[in-house]
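Written out below as structure tokens is the structure these notes cover.
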């Protein structure tokens, strides 16, 4: 029966960040601060959240499907997570139903003691490694690529836990911001290219490592610096040590953090995200102006670019679409008639703004294009005379393998259609994307370096910065058919 | 132990609308459409929701604490609510813990058959009537004032249900948008002054009565007209009948629907809410300009007025505060240190926008002032040079007795302090409110009619449009000490 | 889909007692002691349980589907029920799914204050009264006949609560053991014929009123006396007062309490239940001997009579059937093959005992006969050579209207078949019932008094001791079609 | 706070069997039949239950704390467990709170495919093996000794799954009845000494392997034979294969299965359990007669021995104690006064039987003696003139390490006190145990063979039949301090 359908078809018209991580070492309210930090990182994953604390004797773990604020805000829950050191994770599941065993942090009882790990990113050789490990007798608990790291670590011939961790890191490929907790250390690592973000902060004497600065802000911690690409940080009672076991290479952070993933109030790579997004809109206005009455954002993701666009082109910025933030996990859809109202669960036209107007509709990106089509339609039904769609990034033509849940290439609108075709499909009067060079200009570069690109931008260019080992051997990274268990 | 504390202290710094109602007659997807309609009305009440359907034989009822999308979106739930006619309600609880028995629609098995009722508003003589009814032998199930209407109806000497309903309405005082469902009829009624809103729509042959037009938009229904103040509408298989059993009197809708309660994309009294709010900002800019670099809204409620203010005064509008929409019901607060981060659960300064700037901070209203103080502080910590606070309505000095949860008078900032004192308390460099006349001008009136005011505006003026019978006899409308039962 | 089926079809082959009540006044552990008392009365109703306490200020109520030990044994639950006075109830639902609103004690907020009531028994004019009350404007919360008493009380013109209660009792017909709790009193009442049992006990200074003495034993309370038929007991801080507002009439307790309902270790009417049941077996052995090797009880209900039968006839008593006590609420039954194993969820033959033997199989009663048939079959499959069935009471030919859930007359085996036919249907080699006179002899009477029978024995004789008002006007007491609401 | 206390202190006065297993291969109702089989084995473990099915493509698993009938009886649950082959387990947890990860069947995704395993028994070298495995890089999911078998299997150098399983079995010591399910096979194994029971049955073409014959009876399956000590059985679509990879040795089944663990209607080692227990009572009567009026069992465990005792000595058997079967998991105990009523949650004296009598009180065994003391006291309070306690097995002096949860030696009454002292402590007028030789005689042996005892009887003799490797190196098998995680 296809009678029920989740919002995910509709939501699939954005990219999904898979994770946010937060670790803290040396504060008596460790679990509370971790809960608050994860709450600030909630936009990076809403499917599930988990916290592991260490209380000097035991590791305590609580992992739940659902939002941080719904599961980790009670005194009762925090009391189950005693200790001065804690590690947390928010997760966006990439495939089907969330399996509870996959909720992070993952934990293993190693010969050296307990080891909890939380991962933002994706490994591109996880399946290949997993097969080898299983053939050697390893028993996996989850279907998560992160567990591969645990097994590599457990089987490392090295004796010290940090050495074993580095041993494991050297065998993996892909993108990661990792934070781990042992009975004596908080350990953090960022992939050598710096694809995924990771920052270091301080709250009094306590150290914090987390995915974005907004998680420092919420607890009043100070931003110290970014964890360097390839850097491993080890925090103990004796302070912080840093090492970098990888050969030097040019960094290449994911540009989509700037376009969509990161929170507007975060600073990534020294840049305020919101200001960058406004500049995307400003560049877009220069490259792709429109003769219109008003600039309307697709809220909330398109708002900063729309503000930039409006100011650059000199048109009024106005809220022609109201967004409903009370959206749950899914909504039923009994009939074709009702199917068409899916977009209305989140968005409604504000007739007072758009009726009789020529509007520029600004969004951050187009993935499948299904939402754009509905929104344009909604604008016209509310009386917009003309609808000019403008997109604050270049056309997305290639899927991501670094921890972002993207549709297959044949579901990416720009991978399959020309600009003219897309304009027709979406039903707009005109359609404009930011150019690659415009994108790099907004980032403060003169232009994209074609030899050594400054950013990971494969979704636009197809140039992947690492090997894609699993992809070469496996048709899909979703073929793990483990035990299905409810609860 | 006061170790945990809910967000409500903090949230109390807004007014809370108590309810939204939605009824539909004559569509085979009645329960689904009601769930969608309630989802669109979710801003009017987030504590609980309920739907009653009639399937030609039985009334079916499901009532749950929590959000519509979390409880009424599954096929399983909708299958429990068969029938072509349905009635729904979203609720904001005014006192302490939600008691499940109070979740509406309420239901009674009368001698004439089943009768379900949903109510937006508040009766000002409910306690007085309840005492009389109990002394005559009535047994109440809930502590809700709405149940008084059921008992008046049950005990009416009239024989027909509509006559009995009118009989009941004539005995009650206060504000209401009511929708009721019997085995043959959908009945709606709006209070004679039109204090609470109620609109009529059509979807094909089906009739809809609901609190706001946004609930019509979400299901693709057409707005027909407002239910008139004092009008009773009876919908059966034979169509719609209208009657108005009250003596004619000047209407007086609640002005706070325009300021805060209604959704920006709704039309109330023929006006687009968002446009009215922008005009509040424009009038405010005229009355209370500021020498500044940028206009920053307190999101989301202050955004329309900020846009209006910025355009009128000719300053850039910019998002200096990021709002986190993933806020759950409560968050712990173990220490004084953590207490101060409450405001950060929802709001974070966007340093890139405010640092080094003179800013105008625009909000829709000030109730207790606790949030304003924190936000001003947050702006300063992020480097704002000057903070000029501007409020899109007059000072709130009097509590509400018409279905809005307001603090006691001694917790209303403007009821207790002068403008100068308030400026100091909030920590702003300057503070400006919209005047009463500015408010009326923005509403399209020349000025407030002092004899017969065009709107219910007692929160600013202290002029209550109806008798306050209970208040005269009872110190508080929260003194009902019924059986405490956990769900 | 009839794929699932509850055990109830199978369980319907016994009578079901509908309730047990327990009230205590004046002990600081009132809720704990009530929970323990209800646990001892669990055999009288397993569907749901509830406790109301009064803490000097508020009434507190917790009502749950399921067993007492599963719901009322935690510190957390007991802490929700503070106070020195408490009232509890266990319930067997007579119809379909349990509706949570029907779980007792019921509560009403009367003009005189809160009033909680728990009822064991059934009113035979409840529907008739309910119709009158509803036509006068009463709103019912439940479908329970007990609520009629609350409304009669609420509408009584008398001023004092005890007078109003007596006023209500004078209008009802049927069988009842009632206990009620107000903010100052514990009130108990037993029907004028003493059909349902009710006993009075003391624990230190505290008074207890409950259905059976086993509930006194479990808390170490002393049995004081039975509540007299027609007696109303009022317990306050000043002690106990007794009154009997009914005209004197010969008492007539339900004889089925002795045969099946009461726990074997309880004393009812001055008699030890277990000893009476052994005497049923002894009389049965005299009236209906069998030539056999061993006497086997159908456990647990048939065990006392089997012990009596074996000792009287001089045969060994042996456990030829093992009973599994871990039976839940229902068990699936996907195929015809599986349907036949229903009886095995509870009972299994003990081959070591019955193989090759001539056995006398003793049970307390036969209702539908379906279990008896299966058990006889099970005995034969395990190698019994002959199976002589003996029943410790007369043939049941008439349904009950006094609070016992009985099948319709056409499902009562003995109402439709001769002894010979029943023997054939059950598949036994012989079948014998205790005679009416044997039954009365075992009770210590010379014989049944045909003019004024000493016991309520209508299930055997068809002689009902009260008027059956509802039955005269209503085809079924199950026709209430109120609002269906899931918990 | 010690305010709440579980029944377990009280229940600890028996031994606890830890598990029951049930596997079926080749029936379309596999999960239903497994649920029924586990229900029949519920006496072997009430803490948790689990079922894994294989549907030809996927393994499906459902594991729940609580009773089988409460969790595995719904159509919904059974529908989650499709397939013709299934494996189930009931569990009694030995330590503290049940950890959900420990609920069996356990599952691993091996290189050869999925492998589910269920275990009744205990390994005596599990901790030693676990340490080795962890030091080699194995990551354990549970604290269960059973998982050791999974890792040994995963790491076996052999290629075929049966060979790898045998490889694992050869490394473990202790007692086990094991059943495993792969995507092609049902595999069973019994420990070489046959300490734990395991039987083979057939239902049409389907094979069943389970702990006791009562699980065959409930589904109407035929008992085929016992699985031989040391035998490995492999069932595929091609039928059953048997092998025995262990050197021949004299078998030595656990004698406590006959005394307490097995259900009375099961046949173990060719003997009907109930008949054996009656013979224990008969031998006891010969060895330890008493001058009394009546023989009273401690129900239900003492009932068969009491029947045997009564018939051998020629005294009437009578039910002087009523047992309440509705006992939940725990019951609160706020005060000392209430503490003494713990025993009454399960047992109540039947005054009609014991008052004024000299009674022989028969129980199956004495562990801590706390229950015996309470029951003797209860008999005296109900008026028993003399209480002669008789126990249907020898004094228990040594703990068990083969899957039975026993108290430490210093909590075993008979390990610390003389007969005279025990008589005093219990408060009986006399106390008698069955002798070791009486025990063996009742088992049909002439006497115990002191060189090669016919049964595992270490609880009486201290002679353990296997090495106790962990005990030699570890003070306690409960010292695993893994991650604590709430479900």
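Each chain gets a letter, A, B, C and D, in the order it is written, and its residues are counted from 1.
One rule holds for everything that comes next: a residue touches a chain if its C-beta (ideal position, glycine included) is under 8 Å from a C-beta of that chain, and two chains touch if they have at least 3 such contacts.
Everything quoted here is computed from the prediction, not taken from an experiment.
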Remark   = Chains in contact with chain A and also with chain B, listed by label, are none
Request  = Could you find the chain whose CA centre sits the greatest distance from that of chain B?
outcome  = D
Query = When the centre of a chain is set as the mean of its C-alpha atoms, what distance in Å lies between chain B and chain D?
reply = 62
Inquiry  = What's the distance between the Cα centroids of chain B and chain C, rounded to whole Å?
reply    = 51
Task = With chain centres taken as the means of their Cα atoms, state the distance from chain C to chain D in Å.
result = 35
Ask   = Multi-chain contacts in chain D: which residues touch at least two other chains?
value = none
Ask   = What kind of graph do the touching chains make: line, ring, star, complete, other?
value = ring
Query = Pairs of chains that touch, anyone?
reply = A-B, A-D, B-C, C-D
Note = As the complex stands, chain A meets chain D at residues 52, 57-63, 80, 107-111, 114, 134-141, 150-151, 154-156, 481-487
Request  = State the interface residues of chain C toward chain D in the complex, per the touch definition above.
outcome  = 3-4, 29, 32, 35-36, 39-40, 42-43, 46, 67-70, 73-75, 78, 214, 217-220, 263-265, 267, 272, 274-275, 303-304, 307, 311, 316-319, 322, 324-332, 334-335, 337-338, 340-341, 344-345, 348-353
